[in-house]
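Some structures are shown below for you to check.
Each of the next two complexes has chain A plus one other chain: chain B in the first, chain C in the second.
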Partner chain A sequence: MTNGYRASAGIMLAPAVSLIGVFILLPMLLTVWLSFNDWSTQTPFSEAHFVGLANFHDIFGPTSVGRDFKGALVNTAIYTALSVAIILPLSVLFGLLVHQRDVGGGTLLRTVLFSTYMVPMIAVALVWSKLYSPSEGPFNQMLGLVGVGPQPWLSSPRSALISIVLLNVWQQVGYFTVLAIAGLTQIPGSLYEAATLDGANRTEQFRYITLPLLRRTLLFSAVIAIINAVQVFEPVALITQGGPVGSTNVLTYHIRRVGIERAQGGLGSAMAVMLMLSLIVAVCALFAIMNRKDDE
Partner chain B sequence: MSAPTGSSSTLSRRRPAGRKALLATLMLLVAVASAFPLVWMVLSSLKTTAESMQVPPVWIPRKPTLEAYEKVAGVVNVSRSMWNSLVIATVTTAGILITSMMAGYAFAKYSFPGRGLLFSALLATMFLPPIVTLIPLYRMVGSIGLNASLAGIIVPNLANAFGIFLMRQFIAGVPDDLIDAARMDGASELLILFKIVAPTVAPAIAALALFAFVYHWNSYLWPLTVLQGNADSYPIVISLSRLLSYNRGAMNTGLVMAGATLAVLPPLILFVFLQRFFVDSIVSSAVKG
Partner chain C sequence: MSLAWTSKLALAAGLALLPGSAWAEAVNISYLTHWSPETVALLENAAKEYSKTHPDVTVTVRAVPFGDLLTTLRSQSGGSDGATIGGIYDLWLPELARDKLVAPAPEVVAAEVKGAWPAGVVSAASVGGALYGIPNEIDVYALNYNKDLFKQAGIEAAPGTWDEFRETAKKLTKKDAGQQGFGMINSWAAGVVHPFASLLVSNGGELVGDGKPVLDSKQAGETFELYEGLIKDGSSEPSMATADANTTGPFLDNFVSGKTGMIIMANWWESALKTGMGDKFANIATAPIPVGPSGDKPHSISYSWMTVVNAKAGEAEQKAAWDFLAWLNGAKSGQNGASAMSDILMSMGILPSRSSDIEAHKGKLGSEFLAGYVSVLSDARPFPVVPGGQEFSESLQQTLEALQYGQISAQEAQAKAQADAISILERAAK
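Let's look at the complex of A and B:
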């Protein structure tokens, strides 16, 4: 550590700090301020006028504004819960498959799994909307081969959201698998040896060694998975446009539609503030649960 | 079990062969399920129109053809969009590298008042969903005259917290003696950073460069918002969304999959050659954090 370089520190920090300050922190504060204002996105910020909590009353109110927002909030919550519930167990399972040394090919499997993470969402959307196609889509054709009738996938309000979850799981699970592998490699092999000597079988070793020692990794994964899930935008914008009948209308898509396309900047900002608060609550709840487990 | 190492091989010898077969089958199943969509995409892009429409479906084209790729060029201005994507991803990445190395160096090697607080504040922005800043940012970029342009896409993304965090982690490991020796020789701080520190953390810089490039090659929400329909400046991931309207019926499947393949190729090629760096940087962001 070097003292006496304050001027240099200023020069080194100036570009990054001013860019992040102007393009991330300032707009974040503006979002909070705009959420208490009536403001059209097509006008300068000076046109905004203070309306107190009116925007928040509207987005939780009984009108169509409120119904749409509450629907988007619920859809996002379902989407997030499903994503985390599917991705985390899969990432541990796939991580174990890559990490084990009894059968070769683990590294190749990791490459295959992680490569989907590089695929731009437009390609995912183009490919998966075809895979899901009710008539000529390969998924229904393959289901037909094993005697299962055609599924509606994206075209039914009951299955559209889970279909979007599944394509996102496919794209992202490789990233979380790499995180799981990183966690697994940190568990000392001597623990398993001791457990084997004590007569613990594989299931017991997983339950009493692997899972507890993966807890930090899983917490990190869960936080990242939640943050990713509340941001889901592209598959909805590209494939379903929020439909059918609003079943895939998620928050990021809805906020952009209200705040940019309809130019209702104040309302959109209030929704963005609620999204941020929900995210903070979800992440804090997660940490609280983990900490309570620590105390046990 | 005499030696503490090599335990897994000892264990595996005791394990029945059926277990290995089960593991291998499971791994194969996972790999096939994961690879299937992309393999199907490439195979479909090489089919003739007649093959695309055949019932029951043809899985592997009998005579692979590139005719679908020629058709994509008739729907989307591929070369223009690819160029736009290249400019956006390259310039943004260069900016991120410079700002991240400078700030990472400052956080790793200088002590100044408020350092911890400033670092935490910057780090917090890493977890902020972009939609939270989108509406005012859209207005701000418009009011400085950058909307509907490539500059409007690039400028707000020239610095980010992940890059600073990654660079700080790695630069902190560079010995102070190395830096002090260069200072004795009268080298300026910027020269020390780019000539002496940078080469010692080259793998981390490569990782960050790859991450930033792929992320900004693929990014969609911000370019879509800021470009306001200015198709001349569309990156490839936005141009290709036109193909979605061709996705009804089997007739244009080849065309659509050729377009998707074009979008996938640049990031996937980078990944295949340089995946070690990707994986290392993810691991370090998770483990060292």
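Let's look at the complex of A and C:
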């Protein structure tokens, strides 16, 4: 009976597992294999030749290959950290605002917030590149009205990456607000009533009820936000081309430049493997921290 | 005649007719370019004209932004479904030919090109002695300046030397009005590197000599120092220099709106200037690149574009593509002995490279803006076309941008640029 059950389960799982194997695991293994080879993306796999760890040595070496990769890795890390650090608190804040039952217009606000997520990135890039324009951009005009001088935004290596982060926050925060609202609806109202009877104020209720019970939702949001941020590509490709001085050169854009434009498939694969490993380490670290908190 | 003999004759006749009937089949070819919609429309009109005499050949045109052109060529040319024809920058040819993405030109086309184009342009379209593309445009760099701003600053003539250039840039700079004397470009490899290379060759130097980078020369050092000086003088403001994927952006906006006094740019941006400036385009004049302390006379750099054919396309498509390109670039397809391609190029202010086209467009090439470019063409040095050239350009771009933003000194920039160039070109040559 048990064997029959296992066999039927195996048969039913086989199609899905096979598809995952062919379309996800196989490309991942192929990328890992190519990272140990010297290979032009314009030639068949049969022309790849094994070079051991040479590609990894190059991408962490002192030449321009290594310098550009390390720069892109740092840019991606900063972009990811800033995006997550801004999006998550903002999504909880907006979630709390929209979740208030005694405030009118909540549904409208929810729709407005989520609508930014549905706007295609090409439209966002076109509009935001003009908003950020140093000479005629509305942002600088608005700053001028309150006595602040024009800011370089995308034109300075010090502010270009942050400007791209702000664009990302604007576009993504609505989606994460919806996730936060979903989490808030799971918290029983009776807990707040009991806390109110015990004399807890709003801040204490947020700290001791809302935040702990929202932890699972925030963990999910953080993981998705990290994955989204690490994969940033369009705003860089459409607006800054990785500049100025490589300040917005993020890994996905750099891998495209190396692997496709320059056809250096081995080097590009080594960079992709490092990106994948970094992502795995970041997500695992996040889960480990959350599990430790749960244990405590 | 017996039935057997009749059958044999019919088979023989059928076989003899086969190639002819194959040509009579409809052939679809596609043309990938980075041109604007207006220019694409001109190319589509030319393709329709060609189809009148070649009803079995249909040419469709696809356009992508310049920033995506190489990626599109590389990612789609690997298969027979990619564009049959691609317009490419000569710097990309060595690697596209090495990776067998582009087909060598047939004998008859190669012979025509070798006889009708200047030898230097033919050489830029060849790899290992084999011709891979039909050259069309040639671009050269010169100094563009705003005559109104010159007048307001009391400057009578364009600078002829680097000392005059720095002095003029200082006089044109008005910080309070957000006006810079000389506009550099950033976030676009060619836009950063070509003006630098033009100043370098006008100072007697070069980027690559005998296949090896020579950025450690005295002339190169002086050019890095000129950049550093312009930034330190406050005559060039890097935050006004950004370009975007369409090679437009703040650097162009600032020049067309009269916030930048001078810029070093190629002839092809005539159409962008006209679009952005309207009647004020008449304020723009062209002058040779100022001569550096180690230079003898004004020089600048030139580069060319060509059309290539996808090596993975079918035999019939390749044959039709070469035939269309030979017609498009031939002396009979355009007006008054010019090629249809040159008519399209001239609509954008781009210099055609075919000798008979230059003759046919003599009148328009004498316009105030373009005449300045035509006059420097004979002393222009071709931008080095070497394997790894694009990566070399992008690396030099990073170094020059770091210098623009004051992140490194001129000496550090020179050492870094030379070290990176050696490593990139050595790796690409393997």
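As a working rule, the second predicted complex is superposed on the first by the 272 of 296 C-alpha atoms of A that agree within 3 Å, B and C clash if a C-alpha of one lies under 4 Å from a C-alpha of the other, contacts with A are read in each partner's own complex, and residues count from 1 in each chain.
Following the convention adopted for this analysis, a residue touches a chain if its C-beta (ideal position, glycine included) is under 8 Å from a C-beta of that chain, and two chains touch if they have at least 3 such contacts.
What you are looking at is a predicted structure, and each value in this text was computed from that prediction instead of being measured.
**Q** Is A:155 touching anything from chain B or chain C once the two structures are fitted on A? First, second, both or neither.
**A** Second partner only.
**Q** Using the touch definition from the top, say if A:46 reaches chain B (first), chain C (second), both or neither.
**A** neither
**Q** With both complexes overlaid on chain A, does A:9 touch chain B (first), chain C (second), both or neither?
**A** Touch status of A:9: first partner only.
**Q** Which holds for A:68: it touches chain B only (first), chain C only (second), both, or neither?
**A** After superposition on chain A, A:68 lies in contact with chain C alone.
**Q** Tell me which partner A:203 touches in the superposition: chain B (first), chain C (second), both or neither.
**A** After superposing on A, A:203 lies clear of both chain B and chain C.
**Q** If we overlay the two complexes on their shared chain A, which of chain B and chain C does A:269 touch? Say first, second, both or neither.
**A** In the superposition, A:269 touches chain B alone.
**Q** Based on the superposed arrangement, let me know which partner A:31 touches: chain B (first), chain C (second), both, or neither?
**A** In the superposition, A:31 contacts chain B only.
**Q** Determine, under the contact definition given at the top, whether A:246 touches first (chain B), second (chain C), both, or neither.
**A** second
**Q** Which one hits more chain A residues, chain B or chain C?
**A** B
**Q** What residues on chain A does chain C touch that chain B touches too?
**A** 41, 129, 133, 136, 237-239, 256, 260
**Q** Would you pull the chain C residues touching chain A in the complex into a rising list?
**A** 67, 70-71, 74-75, 78, 95, 99-101, 178, 186-188, 238-245, 249-250, 253-254, 257, 259, 390-391, 394-395, 398, 401-402, 404-405, 407, 419-420, 423-424
**Q** Would you pull the chain A residues touching chain C in the complex into a rising list?
**A** Those residues of chain A that touch chain C are 40-43, 63-65, 68, 129, 133-136, 150, 152, 154-157, 237-246, 256-257, 260-263.
**Q** Give the list of chain A residues in touch with chain B in this complex.
**A** For chain A paired with chain B, touching residues are 1-3, 5-6, 8-9, 11-13, 15-17, 19-20, 23-28, 30-31, 34, 41, 44-45, 94, 97, 100-103, 105-106, 108-116, 118-131, 133, 136, 138, 141, 170, 173-175, 178-179, 181-183, 186, 189-190, 192-193, 196-197, 217, 220, 223, 227, 230-231, 233-234, 237-239, 251-252, 255-256, 259-260, 265, 268-269, 272-273, 275-276, 279.
**Q** Could you please specify the touching residues of chain B with respect to chain A in the complex?
**A** Its residues touching chain A are 1, 4-5, 7-9, 11-12, 15, 19-20, 23-24, 26-27, 30-31, 34-35, 37-38, 40-41, 44, 55-57, 98-100, 102-103, 105-106, 109-112, 118, 121-122, 125, 127-140, 143, 155-161, 164, 176, 179-180, 189-190, 193, 214, 217-218, 220-221, 224-225, 236-238, 240-241, 243-244, 247, 249-250, 253, 256-257, 259-261, 263-264, 267-268, 270-272, 275, 278-279, 282-283, 286-287, 289.
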